[in-house]
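Below: one structure in structure tokens.
Going in written order, the chains are labelled A, B, C and D, and every chain counts its residues from 1.
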Amino acid sequence: MSAKLKVAVLGATGYSGMELTRLLLRHPRVETPVLLRRAENSNPTKTALGGPPSASGNDQINLADIFPVLSGNGNYPLEPLSWSSLKQKGVDLLFLATPHEVSRSLVPEAVAHGMRVIDLSGAWRLKQEQHRAIYKFKDDDAATAAELTGKAVYGLPELNGDKIPNATVIANPGCYATTVILGLAPLLKAGLADKQKGIIADSKSGVSGAGKEPSARTHFVSVADNLSAYGVFTHRHLGEIAEQLQLTTDEITFTPHLLPIPRGILSTIYVHLKHKIRAAEIESCYREFYKGKRFVRVFQTPKLPEIQFSLNTNYCDLGFCLAPDGQRLVIVSCEDNLIKGAAGQAVQNMNLMYGVNEGEGLL
Amino acid sequence: MSAKLKVAVLGATGYSGMELTRLLLRHPRVETPVLLRRAENSNPTKTALGGPPSASGNDQINLADIFPVLSGNGNYPLEPLSWSSLKQKGVDLLFLATPHEVSRSLVPEAVAHGMRVIDLSGAWRLKQEQHRAIYKFKDDDAATAAELTGKAVYGLPELNGDKIPNATVIANPGCYATTVILGLAPLLKAGLADKQKGIIADSKSGVSGAGKEPSARTHFVSVADNLSAYGVFTHRHLGEIAEQLQLTTDEITFTPHLLPIPRGILSTIYVHLKHKIRAAEIESCYREFYKGKRFVRVFQTPKLPEIQFSLNTNYCDLGFCLAPDGQRLVIVSCEDNLIKGAAGQAVQNMNLMYGVNEGEGLL
Amino acid sequence: MSAKLKVAVLGATGYSGMELTRLLLRHPRVETPVLLRRAENSNPTKTALGGPPSASGNDQINLADIFPVLSGNGNYPLEPLSWSSLKQKGVDLLFLATPHEVSRSLVPEAVAHGMRVIDLSGAWRLKQEQHRAIYKFKDDDAATAAELTGKAVYGLPELNGDKIPNATVIANPGCYATTVILGLAPLLKAGLADKQKGIIADSKSGVSGAGKEPSARTHFVSVADNLSAYGVFTHRHLGEIAEQLQLTTDEITFTPHLLPIPRGILSTIYVHLKHKIRAAEIESCYREFYKGKRFVRVFQTPKLPEIQFSLNTNYCDLGFCLAPDGQRLVIVSCEDNLIKGAAGQAVQNMNLMYGVNEGEGLL
Amino acid sequence: MSAKLKVAVLGATGYSGMELTRLLLRHPRVETPVLLRRAENSNPTKTALGGPPSASGNDQINLADIFPVLSGNGNYPLEPLSWSSLKQKGVDLLFLATPHEVSRSLVPEAVAHGMRVIDLSGAWRLKQEQHRAIYKFKDDDAATAAELTGKAVYGLPELNGDKIPNATVIANPGCYATTVILGLAPLLKAGLADKQKGIIADSKSGVSGAGKEPSARTHFVSVADNLSAYGVFTHRHLGEIAEQLQLTTDEITFTPHLLPIPRGILSTIYVHLKHKIRAAEIESCYREFYKGKRFVRVFQTPKLPEIQFSLNTNYCDLGFCLAPDGQRLVIVSCEDNLIKGAAGQAVQNMNLMYGVNEGEGLL
């Protein structure tokens, strides 16, 4: 494969979309991405894009005006989404960094137009109706939705690496979910966890995870010098965690918290073990599972990851603490929510879909 | 004077109004304040109050629901503003912590109903039309406005302490303006400053100064890990600074900046002196001027105030640095923008208006 | 009781001691406290006090020089600790805001001199040798230590309110421990928790909890934009939590985290219930338990406390979230670590010891 | 030039040195840099390096242990500085990210061994004795020092780009100085500034600028929720600013402030103009001056740079605000203090010294 990939991004004006754009711009195997905005008749202030309104349909929106950090290296105009135009440009892959309602309606269209899609929203992550209910999708065409739900691959490369290369639709995992699933998968696969006693994921996230839309909750004065729990037992990521780990929602408790930092997630995960075990066994269980997976770093006990260690990287960092009784395990899992938790993982998925080295553009 | 003061607050759902309410609740000489919201027909979400809407006119809004820190000591219901009801309750003094448009229309009404008013907005601070123009007041009754403009006292007790006791309307100073005026007044009065060379006030404020309304500018991710200048040469407080110090706006440059902290202001002020001077003379000039003024702390050179030192107090702190050439002076002026820069100063004004000890409820 | 209390504070140069001094200075029933430093022959930089060294024994250290926020209202000189001098001044109660080694040696001395003591360190909190071992006290006089250990009352007024009035030595609780114990006590007393399945306290604290001593860990750049877990299964407060709640350390897991904020604690506590229960029952169990306890605020479900709500107050705030299965409970417990978690609780204990209204000086 | 550059870094355990190492590791034209520590007989905890001590001379220090963000891609061992070993490895260029005393003694040694040096400290930046006095260099060999002072090039590529390619010793500019010099150079060169009225640079920096050594000043609790001015009229960078801009220290006032953020600088610069001018003229004066200089971004009036815009980039951003009187100019200048203010600029200098594209490894 020698030609560069031709890709497009819808939603570059949000935090994840912007981070994705930056990664794609410096990716050696990708052409300058086509940056899209939703078509003329929609009002951008009221839509998913979150960007400022254009005064008229003719006005050009430049991403560097919204994120001045980008300026200085040319323009980044947003053009209205048009399937025919994308086809003409030879774009084969569409990234959606849009709200789930938007992704829910656009993915079927994109697929119908012969495109592959990496969707960063939660629209296509869930196979089980019981979990999907929380999203309240109203306008689904039932048959298409069912077909795409079947087709969509949950894009966590460390777990589903075999299905990603041939996927048409990648449902890019949730930021919280990535830390929790990667933190638990080896232990559950090894059958070491005592699920009867319940598993707990106490997660803490920076504010970019809440999106760019201004609200009382994201006001600086509300967040600074504060910490708050929210969405206990009801957060949308609980469904993906349960599905991917094959747990019931009675077996896992998930509590997200809002941290006074711009980005980064730390999840503290509590598991009871079925029998006494030594710390070294835990660590080697994880090392074995993640052998060859370059974006999971298993820390040597007793070192624990901190949010700073993975900021601006595509790593998910894992560390462990075993109780003196040898039966209770604390797992600490960290990532940059905008990279391994969103844009970086999307690029990792793209690399796998197109036979590019998994770490290309990410190191 | 032995009976407790009866006061009302409109705008307690904003940051300054809330701080004011807390100060009044623990003030030994004030009865529990009447907390007001604007009358039924206005939609509170669209108005000055900034609070959440009540579903119906019957719904009770409780301040402790908006600021849970207040809870645990009874209820703080907001009642609709009614002049007759205030009169019936014997309320003599009304605090307005409302946007300037609201204050502009309410102060004449209040005065017409025989009340005294302390207005925390910029509506009545400016005597000179050239400075007031920036506010674009449209619906003024010209005669009333002129009369009230004449009547209103700029409520900076350290400068206008003699006019405050008998004032009907107090225009409570702007937060930035307080630090700059108090930082410069002694020097200008002593005729030491070389105005020809220009005076510069480089001010930095915490985010609560920008108000509680969510916006792209006050989003946590926009403010954290950042600093930005804004309103250079155009900020509204420039007018009050110039008027109170009897400077032209060519003689003083004022640049505000938005700091990634919830509250507090530090102004760094630069002045050329007419002739060489010794540091001790500067300090004694300030000590003399602020003798008996308990809410200005003059620091001993070379100590400089920092924002933390005045947080949660009603102090304005002043420190000095004289250049080796003896002709350039740097003044550092700090305060808590919600207290000395707003609510605390309002209480200080109230104390003076009613013959109460100036520091009552503020130490 | 009409005369004002005469008290002394050793350790006012640390964060808790400073907060305590501020509370005592404005307490209407307490005379200006005597502020102590350790005697001449010790080097304050190397000792518990953490304050700057005095150049000579004659130099006066003024607390307002260390905490400039205090300045403006007179001096706060620190005088060397002398039992005879304290006796002469009629001081009956000594507050120790000192490291545990210092408290371990000073409390026996103070008691021998007939004083009552409120010790803010961990020196005298633990009755069980197994938990105390972690402190490695070396120079104990065994008999005295045993006697004082027996005498010392764990000063959590909501649990031990009956023993506090007559106590000679109050071991003021740890900051983390206060949130966890108050969060769990009602549930455990009611026998609702299924201890077999393990209880988890995931706690997050502001940096003032780590003390004033500069270190790589408390450097701004290490803490800002970060979150880290530490002391998992080994933190000193685990012992007090277990002892006060009559749990084994196998039954409770405690994980502290360092938050990028100056002060405040939020503990997220996970409990399995023995049988299905309704949310209203949980809430009324807590309301019943804390009836008449003015410094615990039980939030109405589904409201949850946040750190900001209790900052600068002596409240411990409790809120609840019950799983859809009715058998898993998440308790959120918040406080200001320097007030309810240290200095405020110390004042609350003092009030109870001297028959003063429990809330005096704290509201 | 096709072979990769062979370089070494001493001081990689500090903030600037670490950032430099990251930039060099991903630079396509540089071999993995040799990471140095000072020779065995020195105690690293007591020296410039600031890193943790090695238990014995044989212990290997790995940079990834100090900065875990580096881990996952192999080891980064620090080896003791040895001129013969460097020669053997073919290292031609040495970066010093060391305290100025260390650089002062090492640069002559390095030059004597035939190496080129980029020194990030202030040791060799100043030509004029009057400014250099502040550093108090004691052990200089007078002749060598004089010779090297003459030789050393102040490494600001936008000003001294012609002298850098052939330089033996580059004195990499100070972080504050870079923003102020780049902000003023075009205006001064054009002769537009009225120096008689004084120029003011009010600068604000993140905490990484204060170095990694823990101190009371860099403790999180001292910095958070705070702002403080320091070093007014005495900061070391004043000398370089004056020298490079050919100003006397009476003509320029420089006030640094410590911001509660990890990194980034914003300087607000105030200049009186000799005569009335239009905003467009100012902007074109700057655009002309920085034509072809890719690391200075001139903002289009009225847009102003903010710290966030240049974080993690090598840009210095400049924006302008002209007073209504057309005679007072406010310049806002921003950069990432660790990149354009230190490590990035060092790499830019290296590129110029070795004929590599100026932006290589920096975009």
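Here, contacts are C-beta pairs under 8 Å (C-beta built on N, C-alpha and C of every residue); 3 or more make two chains touch, one makes a residue touch a chain.
From a predicted model like this one, the values you see are computed outputs, not experimental measurements.
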Required minimum of steps from subunit B to subunit D, each step between chains that touch: 1
Most distant chain from subunit D by Cα centroid: C
Which of A-D and C-D has more C-beta pairs touching across its chains: C-D
Rounded Å distance between subunit A and subunit C, as computed from the means of their C-alpha atoms: 41
Length of the line joining the C-alpha centres of subunit C and subunit D, rounded to whole Å: 45
Centre-to-centre distance between subunit D and subunit A (centres being mean Cα positions), rounded to whole Å: 37
Interface hub residues of subunit A, defined as touching at least two other chains: 222, 224-225, 260-263, 306, 308, 311
Subunit A partner contacts - residues on subunit D that touch it in the complex: 26, 68-69, 71-73, 225, 294, 297, 303, 305-306, 308-313, 315, 363
Residues of subunit C defined as touching subunit A within the complex: 196-198, 200, 202, 204, 222, 224-230, 232-233, 249-250, 253, 255, 257, 259-264, 266, 268, 270, 272, 304, 306-308, 311, 321-325, 328, 330, 332
Subunit D-touching residues of subunit C, taken from the complex the two chains share: 15, 207-208, 212, 214-216, 218-225, 260-262
